[in-house]
Structures are given as C-alpha cells and as structure tokens.
Amino acid sequence: MSFRDLVGFAIGALRGHRLRSGLSLLGVAIGVASVILLTSVGEGARLYVTGEFATLGSNLLIVFPGKTETTGISPFLTEAPHALTLEDAEAILHHVRSARRVAPIVFGVAAARVGDRRRDVGVIGTTSEFLGVRQIRLRSGRYLPAGELARGQRVCVIGSKVQSELFGSRNPLGEILHLGEERFRVIGVTAPRGLSIGQDLDEIVHVPVSRGMKLFNKISLFRILVEISSHQEIPAARRNALELLKERHEGFEDVTIWTQDSVLATFSRVLSLLTAALGGIAAISLTVAGVGIMNVMLVSVSERRREIGLLKAIGVMPRQVVSAFLVEAALLSTAGGALGLAAALGATRLMRTMYPSFPARPPFWVVPAALSVSIGVGLLFGALPARRASRLDPVAALARR
Amino acid sequence: MPRDFWKLAWESIAAHPLRSALTTLGIVIGVASVILLTSLGEGTRRSLVSEFSQFGTNLITIHRGKTTTAGIPGAVGGTIRKLTLGDAEALRRVPGVDALVPVAFGSARVEFGERGRDVVVYGVTSEVPKVWRFAVGGGRFLPRGDPARASSFAVLGPRLKRELFGEANALGEHVKIGGRRFSVIGVMASKGQVFGFDMDDTAYIAVASAHSLFNTEDLLEIDVLFSLGASGDSVKEGIREALIRRHGGEEDFTVRTQAESLDVLNRVLSVVTAAVGGIGAISLLVGAIGILTMMWIAVGERTAEIGLLKALGATRGQIARLFLLEAALLSVVGGGVGVAVGMGLGALIRLAIPAISVHTAPGFIAAALAVSLAVGLGSGVLPARRASRLDPIEALRAE
Amino acid sequence: MIELSGISRDFQVGEETVHALADIDLTVPDGDYLSLMGPSGSGKSSLLNILGCLDRPTRGSYRLDGREVARLPEEELSRIRRQHIGFVFQFYHLVPRLTAAGNVELPMIFAGVERGERIERVDRALREVGLSARARHRSEQLSGGERQRVAIARAIVMGPRVLLADEPTGNLDISAGREIVRLLEERNARGLTVIVVTHDPDIGSRARHRIRLADGKIVSEENAVADGAAVGLRSR
C-alpha cells in the first residue's frame, strides 16, 4: 500500500464523517492559532523594544550615577553622593580612547508656556552630540549648537507635538518659550517619531545641558551616553570609563555602566521568556485537542470493526492497519494545524495594518514548529487507536453485529 | 424525575468508560490550567497586597509632579516641581494628620573598616517606625529633632549590618556613608523585600543629612499617617489645599491614599490574572469542542435508542434534556477533577518553591465549576437538538 | 376505541409521491384482538405507525377514545404514546446497557412516576411475563424470547389501552414465539386491545379481528365478534 493510497483511504474515511472530522480539526486549529497569535504578539513586543534600542545608535555605553549591590533598577531612581558631572563627561571623551561621541543628559519635567498656552513637558538637557547619538531628525531649524559645555545659550529644540500644542500652526522658530521662569528661544523642531522606550520624543524640549541642570537645580547628570567607535572596543571602553570615573570620584566606584548590548540582551531575554510562557500556556490546548483526536479515532476504530476485520481477512498486515489509522489521525491534526496557521497569520497581518508601529509577527521558528507539532499530535494521539485497530481479531470483528 | 434523568445520563456515560474519560480529560486539563494560573496570579496579588498593607491603611503619600500616564509621578529624573521640608512641616497643621515622614532617597557606599557595600540610603525622620510600621531590632531609631538639621546618626537595615559587622555589635560603631562619618545607633528588625526593594539592605539617616549628602533640597515623597478617626478623603483634600496654597496655586504634586494605591494595584493584578487565565481557558474551549464531537457521535450511535424512547412516550424536551444532562455531567465531573488537579499542582509548586505564592480563591473554584457547567450545556445543545428532532420511525428502523 | 376514517399517508420519494395508505376506514373497539397482515410494502407498518401515534396521517381522521388525534402536535402525541399505547418490536429494542428491570422502568421515568411505585410496577410487570428471576440481567445475557418478554413487560407497565406488536415473533423460534403469543392473548383476555402485525398466517389467524392490506388499502376484513359466532367475510 503506497503512501498515496494510504492518504486516499484516510481521506475517504474522514469524509464519511464530515462534522466530527471538522470538529476534531477545529480543536487543533484553535490550539495552533492561539499559540501562534500569542507568540507573535510577544515577538512583536520584543522586536519593538529591540528596534527602539537600535534607534539609540550603535555601540553605546550608558553611564548612571550611583550603584547598589542588590537592586538592578535603582540606577533609574537614585541620587548619589558623588555627582556625575559635566567634567566627568568631558573626561570620558578625552581619556577613553575609543569614545567617539559623548552626550551628557539631565532629564526632568517642567511647565512650558508660550503666551498664555501652557503644559508640562519633559525636558532633556544635553549637547549637540545627542542628535547623532540618538539619531534624531529635524523637521525645521537646527539642533543645539556645539560649544563649551558649561556655558549653554538660552535656546531650545522642541518636539513636534510640543510645537502643535503650544504654537499651533505658527512658525515657532525664533519664538520664545518659557520653561519655569526662564526664557528659551526656539531654534529647531524635531521630526515626529512617536514613543521611544517610554519617552514620547515628540513631547520633549531639548535645551543645552548646563541650562537644564540649572533649571532642575541639579549638580549631577541623569546619564551620560557614550558612543564607542567600534563594537570590539566596547568591553575595554567600559573598563576604562569605570576606572576613570573611580579615579575622579576619590576612589569610589559609584557609577553603573550598561552596555547597549547587555541591556538589549536582557530585554530580549525577558520578552522571549514571556513569549515562551504565553505560548506554552496556549499550547496546553493542543494537548486537549490531541486527546479529542484520540477519542474520535477510538470511536472510529470500534465503529469500523467489520471494515477492519474484512481488511485483515483479505490479508492486510497489522502494520498496514496501524499506518492507515496513523495517517488518518495525522491528516486531521495537520489540516487543523494548517488552518490554525492560516488564521493566525491572517490575524497578525490584520494587526500589523491596524497598528503599523507594532511588528506583530510569528517568531521564525513558530511556523515549522506549529506544523511539526500538529503532525506530532496526530501521530502521538493516533498511536493508541491505531494499535487497537491492528490488534482486532478478524473473526470476532467480522462476526460481531 | 430529575434524579432518574441523572441516573440514565450517568449510565450512558458509564457504558463507554474510556471514551467518557477522554472526553472529560479535555475539560480536566482546561480547568486545571485555568485554576493553576489564576491561583498563581491571585497568590501574587495577595502577597503584593500584604506587602503593601503592612504599611497600614491610614497612610497618604505625596509625590512631586503630576501623575504621568505611566503612573510614576515625577519619579524619574528631575522636575522643577519641588517638595521641600517646608512643605512637609506645613502638612502637620492639616487636620487629621497624625505623623509624617519626609523621604529623600539616594544610593551610596556604606563602609566599616575594610568592608563596604553600595546600598540605598533613606533620608527620613524619627517617625519612620510609627508611620511605616517598621520595628527597631536593636538600639533605637533616629532621635526627634528639627528635621532641617543634619545629624551624624545612622540606623542600619539588618542585612547591611550583617554584611558590614557580621555577628559583632554595631551599636556605637562608626560607619562612613558616602565618605562621611555616621555613628550607628540602631539596627532595624528584618522586613524582607517590599516590591523588589530589599528593605533590609538599607541605611536610614536624617533627611537633612541626606540632602547634604546628595546635594539636593528635594524630597522624593512625603508619607502622612492620619489619625484613625479621620476620613482619608478629607485629609487628602486638606493636604491638597495646603500644598496648592504653598505652591502658588498650582497642583504640581500627586496625593494618593493607601486605599487608592491598593486599588490600582489590585486592578492591575486582577487584569493580569484574568488575561493569563483567559489564555488558559483556550484549552477549555477545545475541551468543549471535544464534548460536542463525542455527544454528536453518541446521538448517531444511539439513534435506535432515541427512537425507542420516543415510542415509549418521551417528549422532545425530555430527550433534549437527557443529552444536555449527559454533556453537562461529563463537563462538570471534568471541572471538579480539574479543580482538584489544579489545586494539587498549586500545592506541589508551593512545596517545591516556597517563594511562589499560590492561592486558590473560593470564587475561582465556583467560577470554574460554573464555567464547566456552561461549557457542558453549551456543547450539548447541538447534539441534544439533533437527538430530539430525530424521526422516531426512521430512528427505530436504524438497527 | 380507535376510529379511523379516510386515513391516507403519502410519502415524497424524490419527485414521486408514494401513497403508502389510501383512504383507510377502520374501527377497533376496546378489548379487540386485531391482526394486520399483508405482503411487504402493503402499508402494514405505516398503519401501525399511525395507530401508535408515531406518525401523523396526511389526510383523514383518527379518533382515539373519541378524541381527534390526527393533527395533534408532537409533544401531545408523546404524551398519548406514553399513557395509552405500548409497543413491542421485532428486534425487541432493549437498551443494551440497562438491566431488564431498567428497560421496563424506562417509560415510567419519562412519565414521571414516583420511584417507589416504579419499583413495584416493574416487579409486577416482570412477574406477569415470568421474568422476575432475570430482573438484574442485561439484555445480552437474555435469550431472544426473554428479551421479547422484557419488551412486553415494558409495553404494559404503564397500563396502556392499546398494545401494538410489530412482528413480535419474527425473530424467535417456534416455542419462544408461542410463549409470546400466549402472553399477548392473556393481556387481551384481561381487556387490553392488542394489534399484531405479522407475516405468519398461524399467528394472524388467531386474532378475532383480521385485516389484510395490499397497496395501502384494506382488501379484507373479518371480524368474529361483529359477525357473531360465524366467521363472516366482507370484501372490498
């Protein structure tokens, strides 16, 4: 009996019971579709986050003030006795050989006012290098001027949303924007970009770093971004920067330096884990679908006793009976898997058209995995019924009414 | 009569033990996974809520800045909105305010001799044990005094004390915090982790000392304890008005009662639990399809029996009910076993990894059983309709 | 009392309309013993189905104890079958997973008879067919004759007015068949209306009231009671 004949035979048997075949198949389809959908959403989140990190520019070191031994999140929140200063940033640029660009950052929230329009905005105090390091594009005007770090002019670059909310359709270039009590002249507008790692860059105002520190009454920087000239240099550059800052801070190692790679890897790992967990929970339904197939196949074996008896009577080998039933089960589950796959791919495509910024797509391994798992489900749960069929005694099977 | 229907339904289920067991197994797996997942979620929620409520419920927290969409009020970076010690002291005059702690916050290296450790340092006042309900394990907490004046006293968390001093006595010893000398006057009792922060691996110094150490005048938050008789909402309103007056008419801070924070926490975690449970429930849906399939097959097989029952005078409704009951029975038994399996797995997890909190709320069990009943009835509808509509003459001829 | 007048039953088979019964008039008084005979396809089964309220006639009137039942809704017909009519089939139609007692109990369950009373009535019915000893046996443990006796017990347990037997001996050997006929006649002697469909002339001729069908029409009717002691013959 060729494989083709086997498949033909199995399809014939399945078509005899369209509804129950359809329902068994539907179970697998739901299972496969939900696994793929959930992993696609998880993978989308991972791609989204890593994509956002990639826009930070490449080969980045991120320096935070403060260091604790117990909690990983504290660098976001804490202040430290030794300020991370503008001089530290300059020292990194001059003494860490592979440091190509350095962008010191202070960050805070301030009340912005133009005429009588006001709103709270996020304010980034930084330097001209930030443009390159964060790969920011301008819609009009120019970015913060290069020059001495400690002597910033009262100028600012505003996000596109800040512009529309505070200036309306007016041209903001050359106009005055109040941040708190201080006056800043608008010299540029950034191109719309949307959410970027928790900060909506369109709602941000950029000012020279020394102005920002004064605005928020800070001695310490929030972070220093350091762009390293090549990927290989990163570990050495990180070591150099740590030593340099320790030396500058009277021997205290009170900064935390993350490499972009390690941050990326951490996020990626966490999100992959999450994706796998969600997919795994959804995959429980595949087991249930498998049990369903097994049940239907068992019924089919007992209904077809006479047919099986006849097959054996005319000399079909037990092995061939086994393969006939296995093929039947595998066909059911594979068809279900394919259906589920198609449905899930359609749904993710729909999601991508509805939310273009969120790259929901199945991880590369999911499609082959889903198909092989659904074949596997059929073979695994088809095994018991197939064995039962092959062991039927032909005389008894034929005799029984 | 219902009892006899039960018996009839049970007998048809028992007539095919393997088939019925497999059909039920689908529901068992579905319900067990939903129960297990929601129990994990509920356990997490409970442990977080209890971490939260150990601070007491008559607590109000004031953060600088307005609440952002992310829900973190001004915590990241700086703001021109300040909360100052003056703000904190002014709040003492708000009716209902019993005690309060201004909190400054930073990280610094704490050293004793050769040993050092980088930890979180809190700048607070003498009222921490009262407001936060933290107990002192040895010595005493920071003394009362003018909050605006720095002092060189420090109180250590138990873990920090152990790391620096081992089993030796720390009281009266001098440590360096951020390079400055402090003398240890107390060690806190163990508190464990609260929201991922190790509260035992910290040092407490006077808020003015922290301001000087971290070079700031700003407070991270002010924690207000109101008297038990007062209403949280009216105290909150009083605080809001007092601060708005002090801040030149602007509401550039966020006031939140513990009850509100707890609410947010509960809501977020309930949504997560529901989402995870919902993903688990996909299995339940597949299990329902299994019941539908098997009941459909059973109607086909039992055509002759259905014809006979009709000849004997069973009405359409009775036959439909019989098959519905059979489906419901399969499903509810599956639900019951599923609840047991889910709870059993939960207990195993608790035994194996005590750090994971598992809690099966009675509501979940009731819901799981109700859902499995609904699943059974829902998946029984089509087969039951098919059975009740069989033509008795055709059906009797089927044998 | 069963009164059929002008009963017809048409079936749609593809494009064609088949007239299974055509214009049947028949009166079956209470306590009658009626046999329906005729070749295959003569309409015996169709008539039996209508008499048993399993099927509704296309045209005509069916009065059962004076009540017109030909147009009743299905639920009402179920109730009539349950209360007034007992069935015995050629292939017994026992539910295999139930015991003899369980099978006899079935109709009472759907009729909502109290549990205590059911047990009593099952006992009595099984005693009357001589199967008390077999109450706990399942149908596969019973012989064909025993199965048919269980079926009779089931048919009489609700105390019907009419018992319809469709080839009740068709699947049995001679002695078992005789026993079944004896049981039916015993019920009839106690006042139950018995209607038997059969191929077997020996059995058919035992009835007082005999009808022969062909092509959906009554071709002959003999009624020993109506014609007194003499056997009358009325041709149509």
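In this document, chain identifiers A, B and C correspond to the written order of the chains, with residue numbering beginning at 1 in each.
Just so it is clear, a contact is a pair of C-beta atoms (placed from the backbone, for glycine too) under 8 Å apart; a residue touches a chain by one contact, two chains touch by 3 or more.
Keep in mind that this is a model prediction, so the values were computed, not measured.
Following the contact convention of this document, no chain is adjacent to both chain B and chain C. Put simply, the chain farthest from chain A by mean CA position is C. Contact analysis places A-B first among chain pairs (by count of C-beta pairs in contact). Taking the mean of each chain's C-alpha atoms, the chain closest to the overall C-alpha centroid is B. Centroids of chain B and chain C (each the mean of its C-alpha atoms) stand 68 Å apart. A separation of 74 Å divides the Cα centre of chain A from that of chain C. Annotation: 25 Å between the Cα-based centres of chain A and chain B. On the side of chain B, the complex with chain A involves touching residues 18-19, 22-23, 25-26, 29-30, 33, 37, 65-66, 68, 70, 74-81, 105-109, 117-120, 177-180, 196-198, 201, 213-218, 250, 252, 276, 279-280, 282-283, 285-287, 289-290, 292-294, 296-297, 301. Against chain B, in their complex, chain C makes its touches with residues 49, 52, 54-55, 74-75, 78-83, 85, 87, 89, 91, 93, 95, 97-98, 102, 106-107, 109-112, 115, 154, 158. By the touch criterion stated above, chain A contacts chain B in their complex at residues 19-20, 23-24, 26-27, 30-31, 34, 38, 66-71, 73-74, 76-83, 106-111, 120, 179-180, 198, 215-220, 222, 250, 252, 254, 278, 281-282, 284-285, 287-289, 291-292, 294-296, 298-299, 303. By the touch rule above, chain B contacts chain C in their complex via residues 1, 3-5, 8, 11-12, 14-15, 304-305, 307-318, 392-393, 396, 399.
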